[in-house]
Structures are given as structure tokens and as C-alpha cells.
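These notes open a run of structures that come right after.
Look at the two complexes coming up: chain A is in both, with chain B in one and chain C in the other.
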Partner chain A sequence: MTWARFKDLFTTYLFVVPATILFLVFSLIPFMKVFQLSVFEWDGISTHMQFVGLQNFKNVLFHDLPWLISLRNAGVITLLALTFQNILALILAMIVDREIKGKNFYRVVFYLPPVLSGIVVGLVWNWIFDGSHGLLNHMLASLGHPGWARSWLADPKTALYGVAAIHMWKGFGWGFVILLAGLQAIPRELGEAARVDGAGEWYIFSRITVPLMLPVFFLVSILTILGTMQIYDIIISTTNGGPGYHTEVPITRILAAMLGSSQFGYACSLGIIFGVILLAVSMVQMRLSKWSAKYT
Partner chain B sequence: MTTLTATPDRPENRFQLQLFLYRAKHYLRLSIAHAICLTVAAACVFPLMWMVSSSLKTQQTIFTDLGLWVAHPHWRNYYVAWTRGNFGEYFFNSLFYTAVVVGGVIITASMAAYAFSRLKFPGRNILFVIVISTMMIPIPGSFIALYVLLNKLGLINTRLGYILPQINGGLALGIFLLKTFFDKLPQDLEDAARIDGCNKFQVYLHVAMPLAKPAIAVLAVFNALAVWNEYLLANLVLSDPHLMPLQKGLMVFQGAYITEYPLLMAGITISIIPILTLYFLMQRYIVAGITAGAIKT
Partner chain C sequence: MNAFFARRWLAVMIVLAIIPLTSCSQKDNAKDPNTVLVWHWMTDREEALEHLAADYQKAKGVHIQLELYAPSDAYATKVRAAAQTNTLPDIFSVLGESRDLASFINSGHIANLASAMEANKGAWKKQFFPKALATTAFSAGNQYKVTPGYYGVPIDVTNIQMLYNKDLFKKAGLNPEKPPKTWNEFLKDNQALKAAGLPGLVSGWGETWLIDCFANNYAFNLMGEQKVLDTFRGKVPYTDPDWLAVLGLFEQLRKEDALVSGVVTMVNKTAEQIFATGKAAFALNGSWCVNVYHGMNPDLNYGVMLPPAFSKKYPIKIWGGAGSSFMVNAQSSKLNKAIDFLQWLSAPEQQAYLSKETANLPANRQSLKEVPAVLAEFASQMDSTTHPTQWPVHEAPKVVEALDKGIQSILIGEKTPLQVADDVEAMKKSLAQNTSPQP
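Here is the complex of A and B:
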């Protein structure tokens, strides 16, 4: 190798070195470290690490009821977000996609909640749902239903749904923007031609809009699932997992295992199992979107 | 003939009637559409307006006066939150972290993206695939190991320990976005600059980067939003109040003064003013960014 060639290659590598070092230290090494730690029992501080093989994983799968509850809770919120949040987003996107005035106004306003942090949203809604001073109870009272008042986020019956409502309030605007962009990419002529041929609204929706939007639907669904399963900020700023385990979610359980009970190895195995679940969901999504690309 | 004009069966009249019906239907649908949208818009804005109006009430009036309009705004809440609530310090910390992380992401991601797009070197493709694959694989547990690592490096409870992982967090999307952008740029300009005697770095800095401004704007806005709103890492890394950003500060304040709602609401308002300003100014980049880079949100 000549000196000039070496110098040339050296300067080229200088371009990628900063990114590569950051990536190695803060992504790749932690990623592999998780697998290593998951087979140990370790409190995070002491120099002694007890090798336990797959015992942590056995415990996660068969002996950790709060973990299963947390998965179920996140699953419930995800199902609600997939249906109510995304249907609302789709309806709004379809309305705004028509020639109505104020398209940009609606887009700006609907995307306001997603711009805010989960902490801010959680703290504000925490107060709206508050039992003694909350706005919702005051409103119910002034509407003539003081008996409906309750401490929404502290009541085991409503806490999970309350948290889900907050999450959906924060999230629908994001789905709206993606769905609207998808709708606007559909050529106008298709709908117009069908209408000239006598097709009704429902026919146009089910035979033109839905098939062309399938890839976008899959994208929005998968991102909703991945985002909602990893819900954390809204939980920590409202219920912190309570009452009991009623709003515990996987991330709060992982943090509890790590910082609460200093079981770093166990926390890692929780993380790996959770990661595998999310990865499985992503794989299903990739299959589906490939299938839908072939189908359309 | 005169009797005929009165009958509705004449073609012109029937047309008039149809036109009227059509218009009525059109306006009815339009008003229903706006009614739905405006209701949802009100539901989006109302909690925020209520938050701002609550931040101007006093501890005495806040539980009794629930109106949106505050007759005697108690601006002092903002002063108290800023000083006694420590939100002034949190605010500048957040500004600092956001500026440094956004700058760091832009520099490192654009250099790497330029190399991946324009320069040839052994291992280019494999490196690119590895970096981008982190975007696809969800690794929810890796913050545990990140915490262990930061602890080992002595970066827990330091500004650097909060900044570096976040620069890394923005890299995958940044490299992906900018590489796609560089790939589409015509290479003629850069070739001309090379012939005129610029070295690789000068071409990157003076030719490619100015052209990439729109993509960099998208990247900057997205990272700014992400860093400003980040909580999980701040909670893990920072325990010294002098280092905390706003999100962590809000939780600390809420924990310490659980019932001081006016001050809490003032603090929240302080925390969202910069982000809303950025949002309104850069709104078109945000829409472009979500739709183009919906791969990671």
C-alpha cells in the first residue's frame, strides 16, 4: 500500500470513526452485555456475580405474576390504541383529506399532543382525573352526575382505562398525520373515475382506499404496537404502576427489578424476553406488509 | 304555457331543485365534517388552556374557581416556580442538553452518512447495515446494560453521561435520512470542487452540507423534540438537581410539592413554551419528517 493510498483511506475512516465509536460503546456493547448479564445473579454493585444459567428466564416465564400482569396491561392499552385511537385518526384523516378548508389548521392542532412529553401530558391529565380536585369530577357534577365521580386513576376499575385514554389522547394526532399523508398519495382520478361509473362511498372506500392504504395501515399498526407496549412516561407521571399492579407495564417492571430490588441479571432477562416479543411482532408486520405489497 | 311553468316537472325546475338539494347536502356534510374536527381540536387544546389558566391562579382560588378566564392573573407563580421551584436551572440544563445533542448528532451523523454515500472504503456496507439494523431491532432492556456501563466509565450523574447516549440514539435515523439525501444529490458539484483542489473534508463541509440543509433541518427538529422530552435516561443517569433537565425536574417538583398545583402548572407551562415555539416555526419540517422517516418514531 502506498503512502498516498494509506493517507486517503485514513481520512475516509475519520468520517466514520466518531459515529462508529459512539455506536460501539453505547449500542453494541450494552446490547451484548444484556445477554451476558441475563445468566447471572448480580446486584449491580458487588464484584461477585453468581452464574445461574437459565434460571432467570425460568423465573420470568413461570414465577413472575406481576410481570405477566404488566404484559397484559400493556396489551390492553395496545388493543385500545390499535382500535379506538387509530380509527379516530383514520376518520379524521379521511375528513380532512376531502376538500375542506383549514386542513393545515387541523393538522397543526391534532399534532400538538404528540409534540408534548409524556411527563407533561401525564401530569396535566393526572390532575384532570384527580379524585378530590379533578376537573372531570367537577364537570360530571355540573352535568348532574355527581355520583359518577371517582378517583379515576386510583380506582382499580378505571385506572388502566384512564391511562389508556391519556395515551390515546397523546397518540392519535401522530397516526392522523401518517394516514393523511397516505390518503393524499392516492391519485384523485381513481375515486373520481369510480364515482363517474356509479360507485357509492362505501364501495370506493372498501375497494380503492383500503387496498391502497394497506401498507400504511400496517406501518401505523406496528408503530402503535411497538410504541404502546413500551409505554412508560405517562405511567410514571400518573399512577406509577398502581393501584396494586393495575397499571404496571413491562418497562416499570424492568426498572423495578433493576433499581428497586437490585436484580440486574433478572432485569436483563426481562428485557430480553420483552425484546423477543416485540421482535416477533415486527417480523409479523414485515411479512404482512410484504404480502400486502404483492396483493396491491 | 303559464300553467306549465308552475309544475315542478319542467326540466329547468327539476334541475334547480336538484341543485338546491345537492348544495344543501354538500353544506350539511361540510358542517358535520367541521363539527367533528373542531370538537377533536378543542379536546386537544382544552387541557393546555386549562393548564395555562391554572398556572395563573392562587393556591386559594384554584380548587374553587375552575373557569378558563382568570380575572386577576397571579403572574408571581412563574417567578416562584422559576426561582424557588428551580425551574430556571432545569430550563437552562434542558436548553444545553438539546443544543449539544442536536449539534453532536448533526456532525457525527452527517460525516458518517457522507462517507457511506460518497466515499469507498473496505467494510462500508457491513458497517452501514449494522448501524441501521439497530433502528429495526427493539432493545427495551439495553438501558440496564447502558446504566452498568456508564457506571463503570464514571459517567453516572455527569452531563456527558446523559449527552453521549443520546447522540448515539439519534445516529441511526440521522445516518439513514442523510445518506438517502446524499444519494439523491447530483455528484457533479462535488467533482468540480475536487478538481478545483478541495480535499474530501472541504467538499463535505462546503459543498455537500449546504445542499443538505432541508434534511438537516428535519433531523434537528426531530432530535430537539426527542431530547427535550426525554425522561427515562435522565431518571437513570442524573440524580444531582443541578444537572437535571426539565422533565426530570417536573417529576422532582411534583414529588416534593404534590398539592401546589399553580406552581406545578407554571412549571409545565415553562417547559412547553420552547418546544411549542419550535413546533410552530418548524411545522412543515415536522410533517415532512414524520411522513418520510416514519420508520422510527
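Here is the complex of A and C:
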């Protein structure tokens, strides 16, 4: 190797060093530390950590019922978000994609909820869902259904769906923006040619729009799943996981283990198992996405 | 390497060099032998503490550098992180339970103040409410094996009682100067309030510690301290008739419709708003509420009462003790200066000032003369207080969670007291059998 070549290589690597250090310090080392802590019993303060092997994982998988309930709750919210939130986002994106008056205004309005803080959104919806003086109960009463009134976020039958509704209201804007971008990427000529050939709106939607939008649908689905499974701020500002365990989600359980019980090792094992679940779901989605791209 | 890249590289190096320099000012102050660094989380007391710090510098020539980190969760996390890296300030607080405080002490982070407290025939110690000091003290034979001593300096005290709205009492035809003293009177008053279309009790029972507090009030009332602690020790099951009676009280509250709608997921801040705006006749809240209610509704006409007793067998015990305590870093090079400042801060004059400015109960008993009437009512029950931090034995967090969540289930009519007692007992047994960690 010539001196010039060495210098060139050295300079190249030198430029990579800051990014590598940042990656190591803020990503890789904490990640490895989480793995290390998950096999210890540690209170987060003491200098002494007791090695417990895979016992934390065993407890998570076989003895922690609230954890399983929290996964189920997050799953229910995710399913609701995948369907209702994304269907709403798609309908609104299709409306705004047309040449309608004030479409730029709607774009901004629909994108507002995701920009708001989850805590603020939760507090506002607390007032709407309030059992005594809530807007929803007031509306139901004025529509002639006072018997339907209830404390929506404290009733075990409605608490989870109430939280899901808030989450969907806050989240549909993301899907809307991505789906709108996808719709605008579809050449207009395709629809126009189909119309000339006598195709109806439904035919154009099902045979042209949907196949061309499949990769976008998968992207939105992945983002919805990852975002919803990690729901936290709305739960904290509305139900705090209650009543009972009805709105507990994985993140609230991880925090309960870490801050409520000072069991950092156990919390780390919860985090790892949760991470593996999210990774598996994402990989399945990515496979499906690749498969769909092949056939469109 | 061309000149463009060289300049870029230089710029990067300069930026990297500047970053550590920006943190120098704090470190320099921390090293300054005449500066005592204090970390706190009390946003409502920030101004008063700054004022006192300035007074202290004038009087003693020592600079007190106050650093505020809020909210309390963020503060607690910062303190834990600082303990790991041995960068705790000279004075700080441990926000958590006894086991957390014990862990800090056993790891050598907190100084034992016993000798300072006991000096001059215990002059410093005697100034405080004993229950306030007990919150951060450990006695011989404690379960965490902490060296007996005093590890915190209380700067205010608090207790949790019930409040009642005198105006709503009048509206319901009740005597506003005669709050209910027994459980039956309480239920009777609730019926009168309900008949007048007025809602009953509100509290932030979405925050489970307030449920725990209310349940403990009645556990002590029904079975006494010894039996409660024996339950924690595993000698008394949660299916014991006394515990079932405690859980039964919550069922009674639900059946009698004595609670404000949505209380089971309500945070205490919302509960405070509801009581302050006259939308509930009773509230369960701590002495800090005097300041909160005054901010929300200065005209609120209310009184303080002990939770109405269910049994005559044992007295009602309310949760209380130190509201906020400061600890001294055992590894601080300015340990004596830190202790001197805390002695000064807890003296009657400074305590009276803090109490007046922040409407909190002073930790120094001699400063009580100047507190407002409602606060004095709270202070009058300091001898009836107890708190988990003062107990020699503690229940496992997972069992406490099962109990509190179970009570929420009773309140929504999902489970019976017996089902909840069985669940809690099952959790207790599962933890006892399983030597491995469980939250």
C-alpha cells in the first residue's frame, strides 16, 4: 500500500469515527446492556447485581398474567387501528386526492392530530369521555339516548375501545399523508384510460388503485403496528392502565416493573421479549410487502 | 486531503471540543468549596427556596446552587443515574419507597445524620415531628439491613385525610360543622347528598397509591397495626375476615353509589378540580391540597375530617409523615456545609417562611403557630399518621398491585371482595414459592 493510499484510507476511516462512536455509545452499548441486565436481578441503584440466568424470561412467559393481558390489549388496539384508522385515512386521502375545493386546508387539518402531544390529546378526550360532565354523554342525552351515558374510560366494557378511539383519532393523520402520497404517485392516465374503456369507479379502485397501492398499504400497516403496540402516553393521561388491568399495555408493564417495583432486570427481559415480538411482526410484514411488490 | 475537507474536519473537531467545555460551568461550581449543590423537583417551592438560598449566602457566605429537575419521575430517574456514575450533588432527595432509600444507603450514597441529629442532647432531632423523621430513618433489625440512623432531613410534612364541602352539606340539609365520624354516618350523609342530587366522594383512584392509602386506613382501623404487618409477613392471609371486611367497604361504596363517576381511572389532579369546583361533597386528599384548592377556587368552603371509622376496635390511622426530605451525599467533600445548610433550612424561621409561601405544613413543630386554619386541622392529626416507609416490614410490590387493581375491579363491579382476596393471596403464595424475581 502506498503512503497516499494509506493516507486516503486513514482519512476515510477518520471521518467514520465520530458516527461510529455515537452509534456505539448511544445505540449498541445500551442495547447490549439491556441484554446483560435481563439475566440479573438488580434494583437500579445497588452496586450488587445477582445473576439469575433465564429466570426473568421464564417468569415473563409463564407467570406474569398482567403482561399477557397487556399484550392482548395492545393487540386489540392494533387490530382496531389497522382497520378503522387506516380505512378512515384511505377514505380521506382519496377525497383529498380529487380536485376538491380547499384540499390544502384539509391536508393541514387532517395532519394536526398527530402533531399534538399524546398527553394533551388524552386530557382533552378525558373531558369528552367524562362520565358526569362529558361532551359525549351530553350529546347522547340531547339525541334522546341518556341511558347510553356512562363513564366511558372507567367502564370495563368501553375503556379499551375508548382508548383505542383516542389513539386512532390521533394517529390517522400519519396514514393519511403516506396514503395520499401513494395515490398521487399513480399515473392519472391509467384511470382515465380505464374510464374511456367503460370502467366504473369501483372497478378502477379494485383493479388499479389497490394493486398499485399494496406496497404503501404494507408500509402503513407496519408503521401502525409498531406505533400502536408501543402506545403509552394516551394510556397514562387517560386510564393509567385501569380500571383493573383493562387498559394495561406492554410499555406500562415495563415501567411498572422498572419504576414501580425497582426490578430493572425483569423490566429489561420484558423489553427484550416485546422487542422480539415487534421484530417478528415487522419481518412478516416486510416479507408480505416484498411478495406483493413481485405481483404488482 | 484537500483544503475543503481539512476545514470541515477542523470544524468537526472544534464542535466536539466545545461540547465538553459547555458542561464545565456546572462542574466548576460543584468543585467550588464554597458552593453546595442541591437538586430538587419542587416546582411550587422553587421561588421560596431560591429566596432562602440567597438569604443563606448573605448570612453564612456559602453559595447554595439550586437545580430544579421536574417532574418528579424525571427527577427520580436522574438521581438513580447520577448514583450509578457517582455524580450525585451534595444534597438531593430519594423519591421512592423504603427499599429504594435503603439501596441508596447500602450503596454508600447517603450520609447517616444520626450524630448531627443527636448532638446537643438531640436539639435538631427534637424540632421535627417524630413521624416526619421516621420516614427516612432506619431502626435496628430493619429488613434491609441498613445501619440504624437518620438519613433524611424533612422540610415539610403531609398527611392524607378527607375533605368535605360545607356549602354542599348545607344544600343537602346537613350540618356543615358536623362531618360524619363513623362509616354508617358517612353512608347516611351520602344518601342525603344523593337525594339532593349532589355527588359523593372523589379521589384520584386511577393512581393506585391513593386506593392503597384508603384501604390501609381501614385495615388499621379493623385489625390494628400488628395484624396488618403480620399479613405482610405471611402470617395472616388476605382471605381473613378482617381483610374481606376492608374490601367489602369498597363494594359498599359502589353499591351505595357513593363515588363520583369515573373515579376508578381518575388522576388526582382531576379529582382535585372536581372537588374544588364543588362537583363532589367529599374528597380524599393530602395536606398539599390546601395550596391546590386555593389556586383553583379561593372561595371553596371546606373542612377537614378523618376518614369515618368503621370499627371501634382500633383507631383510624391515616397516611402521613415527611412530605419532602433532603438527603446528604455521603461522598460529598462539602458534607458538613451541606448539613449546616439543612440545619438552617429546618430552623423555625425558615420553616415558617416556607410554610407561608407554599401552604405546606412545616416539618418543624415550632413553626406551626402561623399556619392557616385548614392546615392547622391537618396538623392536628399528625399523631394519627402512619406510612409504609415507617413500617418495619413491607408488602411485595406485586401483591400491593394485585390488591389495588383488585379494589378497582370491585369498584367497577367486576369482582367480589372474596375473589380479589383469593387473587391477592394467590399472588402472595406464588411469590413465596418462587424465589426468582417477580415485579
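Here is the rule we go by: the second predicted complex is superposed on the first by the 274 of 296 C-alpha atoms of A that agree within 3 Å, B and C clash if a C-alpha of one lies under 4 Å from a C-alpha of the other, contacts with A are read in each partner's own complex, and residues count from 1 in each chain.
Following the convention adopted for this analysis, a residue touches a chain if its C-beta (ideal position, glycine included) is under 8 Å from a C-beta of that chain, and two chains touch if they have at least 3 such contacts.
Bear in mind the structure is a predicted one, so any value in this text is a computation, not a measurement.
Undergrad: Would you mind checking whether chain B and chain C clash or fit side by side on chain A after the superposition?
TA: Pair status: clash.
Undergrad: Is it chain B or chain C that touches the larger share of residues in chain A?
TA: B
Undergrad: Of the partners chain B and chain C, which touch A:G131 in the superposed model: first, second, both, neither?
TA: Only chain C is touched by A:G131; chain B is not.
Undergrad: Check the residue A:L288 against both partner chains and state whether it touches chain B (first), chain C (second), both, or neither.
TA: A:L288: touches no partner chain.
Undergrad: Considering only the touch criterion stated at the top, classify A:W169 as touching first (chain B), second (chain C), both, or neither.
TA: Only chain B is touched by A:W169; chain C is not.
Undergrad: So in the superposed three-chain picture, is A:K7 touching just chain B, just chain C, both, or none of them (first/second/both/neither)?
TA: It touches chain C, and chain B stays clear.
Undergrad: Using the touch definition from the top, say if A:A199 reaches chain B (first), chain C (second), both or neither.
TA: The answer is neither, since A:A199 touches no partner chain.
Undergrad: For A:P18 in the superposed arrangement: first (chain B), second (chain C), both or neither?
TA: Touch partners of A:P18: chain B and chain C.
Undergrad: So, A:R107: does it touch chain B (first), chain C (second), both, or neither?
TA: So A:R107 only meets chain B here.
Undergrad: May I ask you to decide whether A:L212 touches chain B, chain C, both, or neither, giving the answer as first, second, both or neither?
TA: neither
Undergrad: Where does A:I178 make contact in the superposed view: on chain B (first), on chain C (second), on both, or on neither?
TA: Once the two structures are laid over each other on A, A:I178 reaches chain B alone.
Undergrad: Would you tell me the residues on chain A in contact with chain B in one complex that are also in contact with chain C in the other?
TA: 11, 15, 18, 44, 133, 259, 267
Undergrad: Would you tell me which residues of chain C are touching chain A in their complex?
TA: Touch list, chain C to chain A: 1, 5, 9, 12, 16, 73, 76-77, 80, 83-84, 96-97, 99-100, 103-104, 106-107, 109, 199, 206-208, 260-267, 270, 274, 279, 397-398, 401, 405-406, 408-409, 411-412, 414-415, 430, 434, 436-439.
Undergrad: For the complex, give me every residue of chain A touching chain B.
TA: Listed in rising order, the residues of chain A that touch chain B are 9, 11-13, 15-16, 18-20, 22-23, 25-31, 33-34, 37, 44, 88, 91-92, 95-96, 98, 100, 102, 105-113, 115-120, 123-125, 127-128, 133, 135, 138, 169, 173-174, 177-178, 181, 219, 223, 226-227, 230, 232-233, 236-237, 250-251, 254, 258-259, 264, 267-268, 270-272, 274-275, 278-279, 282.
Undergrad: Please give the residue numbers of chain A that touch chain C in the complex, ascending.
TA: 7, 11, 14-15, 18, 41, 43-47, 52, 55-56, 58-59, 63-64, 66, 126, 130-133, 151, 153-156, 159, 238-240, 242-245, 247, 256-257, 259-263, 265-267
Undergrad: Can you tell me which positions in chain B touch chain A when the two form their complex?
TA: 30, 33-34, 36-37, 40-41, 43-45, 47-48, 50-51, 54, 62-63, 66, 107-109, 111-112, 114-116, 119-121, 127, 130-131, 134, 136-149, 151, 164-165, 167-169, 171, 175, 199-201, 204, 225, 228-232, 235-236, 247, 250-251, 254, 261, 264-265, 268, 271-272, 275-276, 279-280, 283, 286-287, 290-291, 294, 297
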